[in-house]
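Presented sequentially are two complexes of chain A, the first with chain B as partner and the second with chain C.
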Partner chain A sequence: METRTVGPLLELNKAVPSFEESGLPPLPFSMKLMPGDCVVVEARSASRATMFADLCCGLVPLEEGAVKFMGLDWAELHDRELNALRGRIGRMTRRPSWPEFLNTHLAITLQQLHHTNRPLDEVVAEAARLGELFGLPGLPVLPPSRLSDVDLLRAGCVRAFMGRPRLLLLEDPLEASPVDLLNPFLSAITEARDRGAGVIWLVRGNAVWQGYRQGITSLWRLADDGLVEVRTA
Partner chain B sequence: MSGTNEPREPGGELDPILAADAASHPHHGQKFALRLWVYEKLGLVGRLTRRQIRFFLIMLGASWGVIFESFRTHSWRRTVRFEFGATLNSVVGGGMVATLFAGTLTGVAAVSQTIYWLGLAGMTKMTGTILVDVVIREIAPILVGMLLLGRNGMLSVTELGLLTTGGEIRSMQAQGLDPFLLLVMPRTLAFTVGGFTLGILFSFAALLTGYVISRISGVVTNPVWTFFYDVITAMSRADYLVIPLKFIAVGFVVGLGGCLTGLTATNEDNLRTLLPRGFSRGMLIVMAVSVLFSLDL
Partner chain C sequence: MSACSVGVGIYEQSFRGKRGVSSEEIVDPTVQNDASVRRVLLHLVLPFGALILVVGSIAAIGLHSYRSTRAGVVALTHELLGAVQRNISQEVSDYIMPAVAGNTIASGMIAHAPTQVVDRVFNSYGAAMLQSVPQLQSFYLGDEEGHFRLITRGPDGTNQERTTFEVHDGKQVYHREFFTDDGVKTGEEYTDATGYDPRKRPWYTDTEDQTDTQWTQPYLFPASRQFVMTSSLRFQGANGHTYVFATNISLNELSTFLDHLKVGKTGNAIILDSKGRVIAGRNIMQQAEAAGWDSEKMVLDPKTHPVFARGYDHYRVRGFGPHSFELNNKRYVTIASPLKNSAKGWILLLSAPENDFASFARQSSQQSLQFAGIIIVFSLVLAGFLVRQVRRSERMARKLTQQGMQIAHESAAVQQVASTPSLFDPTAEPLVLTEQLAHVTNARRASIWRLLYDGAAIICEDSYDQKEDTHSGGFEMSRTELGGLFSSIESGDVLNVPNAATDERTTQFERLVMRELGTHMLAVYPIQGPKGIVGAVVLEDAAMVPHVVYFVSLMASIAGIRLVETGQDAGGALTLPADEVPGAMAIAAPRAEPSFDNMLVRAPGGAVSSGIYPSVAVLVITFSDPVVDGETQTHALLDLINQLATDVQRISRERGLFAVEVAGHRMICMAGCTQEEDPTAIIRVADAALTMRETFMAALAAADLEPVFAMGLDYGAAFGGAVGEEPKVFNLWGQTVSLAELMAQGVTEGGTIQVTDRVYQALRDRYLFRSRGTFYAPHLGLGRAYVLAARR
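Let's look at the complex of A and B:
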């Protein structure tokens, strides 16, 4: 599997998602995300935002068109390649994502431990560093059900930014979040973009991302009429 | 006829276009209706058959998948090894006391009684053969399978079922974590190793307890070594293959069946539907394996 290092990081090329599988409007979606870009996608429905993130991950079957990540078409890859490629995506999702049989520290580091050969100490050190950045006292070792919603949100941020992901799919992490999470979150996004990662920031309203307005590459709206680019003033 | 302006109820009358078409071609309409009826009935039979054998086919495919993947070194990543270790610890470590206890009870209830009655009937030489054929080859795999199912199999059903219906499995897939590789394969193999280990422990506990009870009651006067020697020499060559295979197969199918029942849960499922399904499937699987290995052997 050879990935492309130049050109668009993520490319939605007239991709028509399956309505039965996703509930997304069966219309052609077109968008390009270059390395270092930060795209805001406004979606009023949380479930639709999650499905759009799934579409970018190659989890939604297409009626037509293609979705390419790092130059590779999701539809043309085998299971192992698909999973390896998804291992390069950092994601924060509104869907339940904390399996109860794993303690939080394992759930945070699971993706890195599974997809890489990085030494355990290095992975744990990175998780602890990110934990402190996002306001956790360290790496939480309790089961996820025993953490508060805010701490789970912080842990979700740590998990998404672990291992220098090439693409970040962030579903409205700042909604109903504590104020002190804003600056670490924005600095983590900036740092990731400086390394060449692309960011898709899915929001419900336009108030959330105004503080980062100058850093936004483009603004899109996901509604019944599909994915539409919106001009910003 | 009144109410011509009332809205039509869906399906309350025939489609006027199709009705007119059928009226103009009466034979064609009858043929069409007959063909439709046959298709409907065939479809019903097909649906029922598929529903009944769907899980069996999934089991077959997944069994091959587990065996195939387990021989690939690339499959054994540290997360998979961790899951294997954790499940093995839970199956063997957690189930050991219960298995030894069940083996002890079987020794008291079955083994000592067998020794006593065979001695009374003057058939002491048959003791080893009957203990091997009945206790070790037939009773032990079923009881160990039931213990595995109740202690750990149902846990897998619940855990994976709730993860599937809750959406966590989908979230794992979005991170590139294949649930089959990360959960099904290591858990099934851990159950397999656990089934063999617990089966041997159960058999040993049952035989030893039976001997001790018989020795205390004075039915047996031989030393324990002689008793075990008699049992071992009563085993045929096939027994050395079939008995371990039975323990391994029971562990394998209980583990795989539990994981697959959980992973194939739908949004309509909850604990009230998942648990009875998991238990009845598990019991059927254990019995089926036991019967399968007893055929012509």
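Let's look at the complex of A and C:
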């Protein structure tokens, strides 16, 4: 089911988001993310960062332009294909995204169980392995509300890197996180990029990603004047 | 992997494939349902829709044709029946005419004859008519004075009898004279006729006040089986007398005529009077017999004449003309018409099954249906061909698309290989080659093998398992193990085996290598070097291999360049196995005993026996990797580490721990390594852990460092013992050790002690714990994790 081996992984082609729906400036957004790229997008506003990630996922209606993921225009797909395509995105978001009716282990494995026919044991083993990588003693089985903030953050990392996401939309997981999360996080990003995933790392300030400066493909800034590329030294 | 590794040295790496997966994904977003709907429309609905249209058109045309033909046939039938009816009318008219015309002629002759010759005229006329007209039976002549004269045939139908009503001696008698047909008198007799008065007979009375011919009701003569009726005409003679001349005519001949008449194939005709009584028709005598020789009762019986009865009913309701109706699932046509020149109110009724006339139309329809059937079958076959052709075209188009995608895929794979740094560097792993080979050929496993020792052995440079996404390598096999495969590789020919287990060249390879994965198909591509074959590319269960020969050859060439480089780097070391190199044994000579071992606190030697210890407490302390910059920092760090180690030794001795092992950035402290259960071990280790934490915190803070350590504690059964030569080293294995390590790895923040549920259960009365939650780990199941905070 390999869809695409060449060309941009994510392409924002003069995409003008609907201001009413998203609050993003109604300006044309253009960006190309190639497989293996890691793009840092600085956005001071957390809600704006979340909306930008929504825009990349095809969740924000456009007034003009197109957003294509793996060569497929979000606007041209039907629900079934849309959902399948979103199943290839690993996402960490500031917006509360843990379902209260499921325990954490189910919430983590749900995406893989829904979108793939991988055996349960394999999915659980991967989740446990990632849990260990991100500093959990196993796969958390309590409801998300009963986990500490830090453990929930670790569980969020596990959820985002589950399966083999082709695109990672990471809304600054390192902010206010324990120091020991940095290395596993960067290691997971690097591994994902090695196998061809693209990463959009949304940050509030430039301090967080400085340790990974050499690995960054490009730096962008999301502000009132739209999405602007920033030249780095 | 070392290029000169000998024996079995396996490494595994968790490098992920470059492909985005995924055969595991359920929905392929690139496939739109619209396409398949369109395909179904194009492939099935369109041809079969067209076919149904064709069939419908044929059926409609057939129906229309059938209806028009049928209407034509009905019209033709009516016309035919009309012609038959006219013919019969004429026949009946001709049949009756002698009676009607005879009356007129005879009356004319008698009226103008003198009285003396009236008898002679009557007899002459009657004799002549009886001889020439067979249906005429007799003639009567009567007058108003009661005279009566009769001429008739003999009982056998020949000769004649002339009867005169006379009075002899006041007695009324019939004077009968018998003549031959030639007029020779053969005898006479007198019979009693008392009471007979011709003026009271119906043939006489019917003519009163009438000037034209009158008909009586038919009447039957059972003796002669004759069905007769009389026509009579009243006229005035020249002598002033009033005469009535009557003619008896037999209807038997008419019935015989109708009996022999064919209407269509099986139809027939009947003559009825105005009251529905049968005058003439088929089997008239049987009907008369059934009616008791009473003509009044000879009406149409629906049981014996169902078709005529129904036809007569139609006539009564709808009048004269042709009528169609269905009876007993069969269609009939009848025609009712008045008979001219006959008695008043006679009706001719004809009936025939429609089939008699329309059978050719039915045959024609059947033929049309058969033709339509043949056309439909042909159409079906053509539609089938069309569907097949369309599907074939579609398949070809799909195949072309697939080929296009395959080429793009191959190009991408080649680009991926080409962009790999140090592709030809023998010291770098050639992982990309096997990965791309496996992805493009869709092989379960792809491996690159290199010949060693001038072809005496072969070693796996790299093997990539696509499903597991793992690399392995380093296994070596000798020619004696895989003789057939070696020969095949050295021959330089590509080997494709659908089932490696049954081919003698690959049986051994299948048993040693493939059986582990359960693969069956094997493809071996020899790798050509400048000096001959240097190795082989081996693909297992590679379904796409026949289509990507070019790509595999390309990869094999790249692998060849690498293998040559690798062989050169290895130099002569690979020409012979290590154990055959002179002086090699000297390397294995015993070294000096090491000055250090890895035990900070040594286990009491000899005091403890190896085996399973039921209640071991294990504390694992991990430190983050230190970052040092410059010699000064290194020395400072080493001093710090030394101080920490000394503290650990001190605390361990104070708490009576069994042993403390150092391994890299980990320390493993253990207590309770005794055959008997030691309930104090966990308490001692927990105390030690808390004390160590305090000490480490203080020491690290003094060195201006973050608490870069984490502790994990578990308690339970483990097994261990002293290993190696003196001084032996004590080591401990088991789930307790693994869990303690897992706890140390998974701490929430630096400087905390994470413990398992078992530790919590054992120590909860003595120490304060904070729950972290429930976690699941494969092979271990569900468990809770706690953070050990302080003593109570």
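Going forward, the second predicted complex is superposed on the first by the 230 of 233 C-alpha atoms of A that agree within 3 Å, B and C clash if a C-alpha of one lies under 4 Å from a C-alpha of the other, contacts with A are read in each partner's own complex, and residues count from 1 in each chain.
Keep this in mind: a residue touches a chain if its C-beta (ideal position, glycine included) is under 8 Å from a C-beta of that chain, and two chains touch if they have at least 3 such contacts.
The structure presented is a predicted model; accordingly, all values stated were derived computationally and were not measured.
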Fit-or-clash call for chain B and chain C when the two complexes are aligned on chain A: fit
First (chain B), second (chain C), both or neither touched by A:C57: first
Residue contacts on chain A - larger count, chain B or chain C: C
A:P99 touches, of chain B and chain C: first, second, both or neither? first
Partner chain in contact with A:E171 - chain B first, chain C second, else both or neither: neither
First, second, both or neither for A:D79, with chain B first and chain C second: first
Which of chain B and chain C A:G87 touches, first, second, both or neither: both
Touching partner for A:Q111 - first (chain B), second (chain C), both, neither: first
Which superposed partner A:L142 touches (first chain B, second chain C, both, neither): second
First (chain B), second (chain C), both or neither touched by A:R195: second
Distance of closest approach, chain C and chain B, by C-alpha atoms in Å: 9
Contacts on chain A seen with chain B and repeated with chain C across the two complexes: 82-85, 87-88, 115
Residues on chain B engaged by chain A in the complex (per definition of touch): 77-79, 82, 159, 162-163, 166-168, 170-178, 182
Touching residues (chain side chain A, partner chain C) in the complex: 1-6, 70, 72, 77-78, 80-85, 87-88, 105, 115-118, 121, 124-125, 128, 131-132, 135-142, 146-148, 150-151, 163-164, 166, 178-180, 191, 194-196
Chain A-touching residues of chain C, taken from the complex the two chains share: 15-33, 408-409, 411-413, 415, 624, 706, 742-743, 745-750, 754, 772-778, 780, 782-783, 785
Sites on chain A touched by chain B in the complex: 53-54, 57, 59, 79, 82-89, 91, 93, 95-101, 110-111, 113-115, 120
